[in-house]
Amino acid sequence: MCGIFGIYNHPEASNHAYLGLYALQHRGQESAGIASSDGKQLHTYRHMGLVSEVFTRDILKGLAGRSAIGHVRYSTAGSSELKNSQPFAVDYAKGMMAIAHNGNLTNAFLIKSELESKGSIFQSNMDTEVIVHLIARSREKSFIVRTVHALKQVEGAYSLLILTEKEMVAARDPFGFRPLVLGDLKNAPVIASETCAFDLIGAKFVREIEPGEILLINEEGIKSFKPFPQREPHQCIFEFIYFARPDSFIFNHNVYEIRKSFGARLAQESPADADMVIPIPDSGFPATLGYSVQLKLPLELGMIRNHYIGRTFIEPEQRIRHFGVKIKLNPVKELLRRKKIVIVDDSIVRATTSRKIVRMFRNAGAREVNVRISSPPIIDPCYFGIDTPRKSELIASSHNVEEIQRFINANSLNYLSLEGLKKCVRGEEENFCYACFTGEYPYPFQMKFE
Amino acid sequence: MCGIFGIYNHPEASNHAYLGLYALQHRGQESAGIASSDGKQLHTYRHMGLVSEVFTRDILKGLAGRSAIGHVRYSTAGSSELKNSQPFAVDYAKGMMAIAHNGNLTNAFLIKSELESKGSIFQSNMDTEVIVHLIARSREKSFIVRTVHALKQVEGAYSLLILTEKEMVAARDPFGFRPLVLGDLKNAPVIASETCAFDLIGAKFVREIEPGEILLINEEGIKSFKPFPQREPHQCIFEFIYFARPDSFIFNHNVYEIRKSFGARLAQESPADADMVIPIPDSGFPATLGYSVQLKLPLELGMIRNHYIGRTFIEPEQRIRHFGVKIKLNPVKELLRRKKIVIVDDSIVRATTSRKIVRMFRNAGAREVNVRISSPPIIDPCYFGIDTPRKSELIASSHNVEEIQRFINANSLNYLSLEGLKKCVRGEEENFCYACFTGEYPYPFQMKFE
Amino acid sequence: MCGIFGIYNHPEASNHAYLGLYALQHRGQESAGIASSDGKQLHTYRHMGLVSEVFTRDILKGLAGRSAIGHVRYSTAGSSELKNSQPFAVDYAKGMMAIAHNGNLTNAFLIKSELESKGSIFQSNMDTEVIVHLIARSREKSFIVRTVHALKQVEGAYSLLILTEKEMVAARDPFGFRPLVLGDLKNAPVIASETCAFDLIGAKFVREIEPGEILLINEEGIKSFKPFPQREPHQCIFEFIYFARPDSFIFNHNVYEIRKSFGARLAQESPADADMVIPIPDSGFPATLGYSVQLKLPLELGMIRNHYIGRTFIEPEQRIRHFGVKIKLNPVKELLRRKKIVIVDDSIVRATTSRKIVRMFRNAGAREVNVRISSPPIIDPCYFGIDTPRKSELIASSHNVEEIQRFINANSLNYLSLEGLKKCVRGEEENFCYACFTGEYPYPFQMKFE
Amino acid sequence: MCGIFGIYNHPEASNHAYLGLYALQHRGQESAGIASSDGKQLHTYRHMGLVSEVFTRDILKGLAGRSAIGHVRYSTAGSSELKNSQPFAVDYAKGMMAIAHNGNLTNAFLIKSELESKGSIFQSNMDTEVIVHLIARSREKSFIVRTVHALKQVEGAYSLLILTEKEMVAARDPFGFRPLVLGDLKNAPVIASETCAFDLIGAKFVREIEPGEILLINEEGIKSFKPFPQREPHQCIFEFIYFARPDSFIFNHNVYEIRKSFGARLAQESPADADMVIPIPDSGFPATLGYSVQLKLPLELGMIRNHYIGRTFIEPEQRIRHFGVKIKLNPVKELLRRKKIVIVDDSIVRATTSRKIVRMFRNAGAREVNVRISSPPIIDPCYFGIDTPRKSELIASSHNVEEIQRFINANSLNYLSLEGLKKCVRGEEENFCYACFTGEYPYPFQMKFE
């Protein structure tokens, strides 16, 4: 997953890009980068690490100019290299351009092969690089038309920002998989993955950029284009379940409230007879609250999170049981002793962490541990920008709920049903992508790009 | 504030000290250090920074031996220097010793003057150094007797650990200001400021070390000494209110539960007519929950915390309003619009942060912002180990509740009463220190040590 | 200036590349990089900094495989960025390739424009990138033929190494501007800019790669190609004067000996009546020795160099006179007092350093400071890989020797004549490039590539 | 070995201390530190590393005030820890003091035992710490008298600087083992180990501080005290042979010139029939020059040094022969082939390096390798500040010249005789310490301080 941010025509463009990325840090902790334009040329800096580690005052000073785009990238195994960080900046026939992309192109591999057969060279492993090549090869006259020309050739998920010396383009794919919002900071247009980036810099939220919409931002203002045939939106429901920050407003909803409604729905579907309900920090809280309120079941913070976790952690040689989870989480024993508890988490991927958490609660004295998950079972990987493991590692792809319950050793296990999930977005249920729960992708996926 | 940890006769002594300090990181983020004994000599490493930053695998390997003590220190203005980090290790006539201290000695300045007049030199600004001098100058024969001799001369707060080549001493001052707990890891004695350190390494909690108790730990086992005239305990009630981790058990209570009872009591004393009650992350949660349950007022997570805050943060030149608080906290606007809210926080010190938080809620659309504080007004500084600012900076030392309410611009403001606070520890209310709320110190304070 | 190194089919390929680059560090201190092949794919690491700073044991371990090429790059103003470091590695239709290049292509700008007009994108500011594009666009079947096809299109200076999954190519341009030597390490072919790289790893020098020669190294051995029409060589005489290490053998000569002969020749042309002759450390020594021997004038180390110069140096606010030079050099006052001295340096570029050095000697008490330069006046910039400033900054481009003498305040100033320089390479004088002394370039320069 | 620097009453005191230490870096590369006084209190910073690495502009800014002392320390095995770095700063009854010490106290162990028996604690392993204790315990009224009182109790080598809030004291032990020079920077007194520190900052050399002399520097000016009974000086001859920088003036001589005279004397005593004489970089040059001139034997720079050696160097797994030396040095093969050579080095300690160097010359083709050493054989360790290995590791302590010649595989080996050495300082020969060549220490050594 990634986060993007852009700002046009503001005296402190890079400083604000830095802040915007900082607010979007939860969308990617692997690398961070900013490209700025001073009107004549672009300046780029990107490095592995957190936003607060990557940038110094001097580096930001070097990112001169009144426009900037930025990018944070999530750590994924195998391709965690500097060359895959963004913004990706190049020279081409018409000048310079830098691109920041959130999403995943599903036909990038095919296009790359075609481009390579025409002599193109590729320096990164990013699907994003094909967009840049397509723009550069387009013979259209204006930058915006070249960009449209390029985007018409790619399939998949993209919310992206492109910066040239003079212009900025913001685009969201026709399915609208990833969020992208437009704001305003004292008349300077700002674009971000989520509205929480606007809050930090004091910008006003204007509206969401629509699926299939492309904005051209230049000295004359903002122009909106909708060059693609209209498609049924496929906004990623997982942004609501887990990814987005609860204080953000995306896909027409406040994330906190929608997440809470998932919990309430889950309570209706799968109540529990228990002494208390406990959230798994930090993402599980809103759904747990919804669950608790719905059932009038006391909510307790029975699991405490250590917030001082550093990058590298030195384990003892003589292994401590469930060490990895213990570093982060610790149950409140006095609260749990001989109690029947329900814990609410947002999702189960491999189930190994859930298993450890259940065991921690049991060791802490809980008499009964019931597990509720505020989303349906994940049975298929995402090809549109979320970094799920391959199908064989998704426990729900090969095990039914009973088997999973046994594996994690819970007294009961219930997931929110797909119907229940859809009811929470009633009236808009056709606007979302549920492929990870159903295996029904909007179109056939071609091949993994690497 | 500081955190200390010790382990005696375990094959992975320094590794466990590292983990123990990691679990105590909330008690001090300025510096970290470990001293170990290999039976013949001590090895010490200390540095500025978080536990996970200070230690590497190689450094831990160099801290050889089967016994170790560790220390984390809180950042306080002015004396944030390496020389003031701990453990503090020295050579003296009888060998080597290292000390780790949580607390504050109130007569250190006098003793230091006396020692200096006898020719002693001081390398740090820490009051702790006087204990080491007193032990070194004592002519008693055994280490434990020299230590008792030294501790009889100092006044104030100390929970401390001393390591020599062969022995470890754990001591808690007669008033028992700071917590100190004893545990057991497969027959190896472990000592820590709080029980959460035991949980991470899988040690069992045995009991609290009592006020005025000194433990001598050596190859023969653990011996307990109570060399001081018995005093009425003065355990720091602020550990309950704010400092300790909620999953810890100290002063005969689980912190989470006692903190929750403060909130419930506060609700009884000062209910509010509101649409929802909102905790201020992260410390305010348990009291807020107590408040919410007591009044059956809906709890909402209306303020979200950004967990990726780095050490240094680059501010924009053109200042953003309330920038400092915004970096950490962001309200959930959709939840708040036109609502009457109560926010519960644990304490007010200078009131500048509270003021910014109230304003953030108002800007986010709240119609009414009522503030409840789960402790009484702080009117006097602490001389026993908590780093409160000087009296003149404590808003409640010079302003009454109404004035503070006006300053922070709240629709109402109520503190938990001292009586209410005491009721939450009914039966034990005489065992705690309330000096910061009353100005009634257990004995006259002499002079600030610097 | 840059240095390159390659090794084919050796179990410790990257380790030896590291050592080879280390020995070539004098050719470039800005960035360092290595690309290795494990037979299936390439691994690349490059970073700003010295070889000993850039690589760690872990990084070298990650550069797996039995073949490797490496590159060190000189710090030049303006384009000192990571993206311009080498080896430059890409994916293209036929697989992967990495390139390391020493030199400067004079028609790169034109080719880049053509390539861009066909839709190519450029990620670096390096002329080297065009070679990679040309290879990737070539429709020839084998890698070596594609490479020849590409190199036939470029003009200028190149000694380069290209690594693919299975093969290595070494090439030197038809004029042979930059050195490139072939060695052997226990049957593994090694290639380097200078022989000093062979000495460190214990490889044997085999022969120089000839101007216009291309070597293809693969499992079948080494094949030599000479695909270009033969040209009169233009080997860079400045490698002898200043750049190469004195212990290297390049261009058919040992650098130390040829440099010494420059000094001897200079002595014949421009003797001096002086008490002693003093070298300017470190490069000026061999020529000074030649000068001293020829005239039987006592040589003295009258100027001492501080070898502990770090990357950044903090200057006092109240500037010390000639601070920059003083940091590096200090005269031996006792030796100089009231003496007539000759100092021998290898070249004068802007003359500002020479001026400071003369002043230092005068302040140290020298009665007379005569300056001899072991090369002719530099009147024109180099377009073939040496980073000279633009013509207007070259003092000799606009001032005659008398004027320069006055500017640096020397009692006398003499340069080695061009004829004298040529006499030192008698019989081979037609094989060298003297363009920086004459302005007569081998062919017209087109445009600066940036 | 260590280097010290002090400056009194100058607006840029710490900046100049930084520069002074930089010029003295050859005297110690392990750690660096500066203590400054702003008239009211001292500020200290010290860290492991080179001067240019340890200090930043911000750190220097923090070292406020118009007076400063600094220290660089040599890396010695075992005690290379931050706590042993200097200046060593303490609080005591009369205020603050910081000390910087070059030398070694021979009765420190005894004094430490006595002090510990009186209750003193020691935080470092440095002998220097006893001086501070003795000053602090002295009941004399003025600082200078307390210092004299303390210094009268210690034996051994010390050139030292002490800084208090208002005063600076410079002292040199009665034997004058280590150098200490007085300079003047625009009326601000400056003190340094060697005059090269004055040259960098533009200070004038005033005079050497005499053996047994103590200077008190305060607002009233500089006062000289000679409180000790006069002793025959024992200035360390090894400063001339190896340690000091050639551009320094110490012990009444310019180091370069005296070093050259050692070579000339060596030539008279032990001429060689050879084609050329070669210096071992960098320290051997002046003596080689003296040798060459005396015998009219051509000098050649036949061994080239790589100046880019970093702190850590990664060796290949499959060891390269004589790797360690090769990293630093490389012979000029073309010069050496079939030649009879003499190499001149300053000293032989363990002989392992000499052995490798001889082998390198042989491998490079030399027909005959004759070795000349410009000092007598080292048969005993130094107890006065030079970090020689223990006696058993000194090859000359157990082997005669013939055996050493065989060990290093030289065709001939000659040392400068002790008489010859003394002749080079004729008239002053009684002023130097030759203990490492004779085992005759000025007084019995008591016990190694650790």
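Going by the order they are written in, the chains are A, B, C and D; count residues from 1 in each one.
Please note the rule applied: a residue touches a chain if its C-beta (ideal position, glycine included) is under 8 Å from a C-beta of that chain, and two chains touch if they have at least 3 such contacts.
Because the structure is predicted, anything quoted here is derived from the model rather than measured.
Any chain touching chain A that also touches chain C would appear here, but none does. Between the CA-based centres of chain C and chain D the separation comes to 37 Å, rounded to the whole angstrom.
Centroids built from CA atoms put chain D at 60 Å from chain A.
Each chain gets a centre from the mean of its Cα atoms; for chain B and chain D, those two points are 48 Å apart. Those chain pairs judged to touch are A-B, A-C, B-D, C-D.
Listed in rising order, the residues of chain D touching chain B in the complex are 82, 89-93, 113, 116-123, 132-133, 136-138.
By the touch criterion stated above, chain B contacts chain A in their complex at residues 11-12, 15-16, 18-19, 22-23, 25-26, 29, 50-53, 55-57, 60, 196, 199-202, 245-247, 249, 254, 256-257, 282, 285-286, 289, 293, 298-301, 304, 306-314, 316-318, 320-321, 326-327, 330-335.
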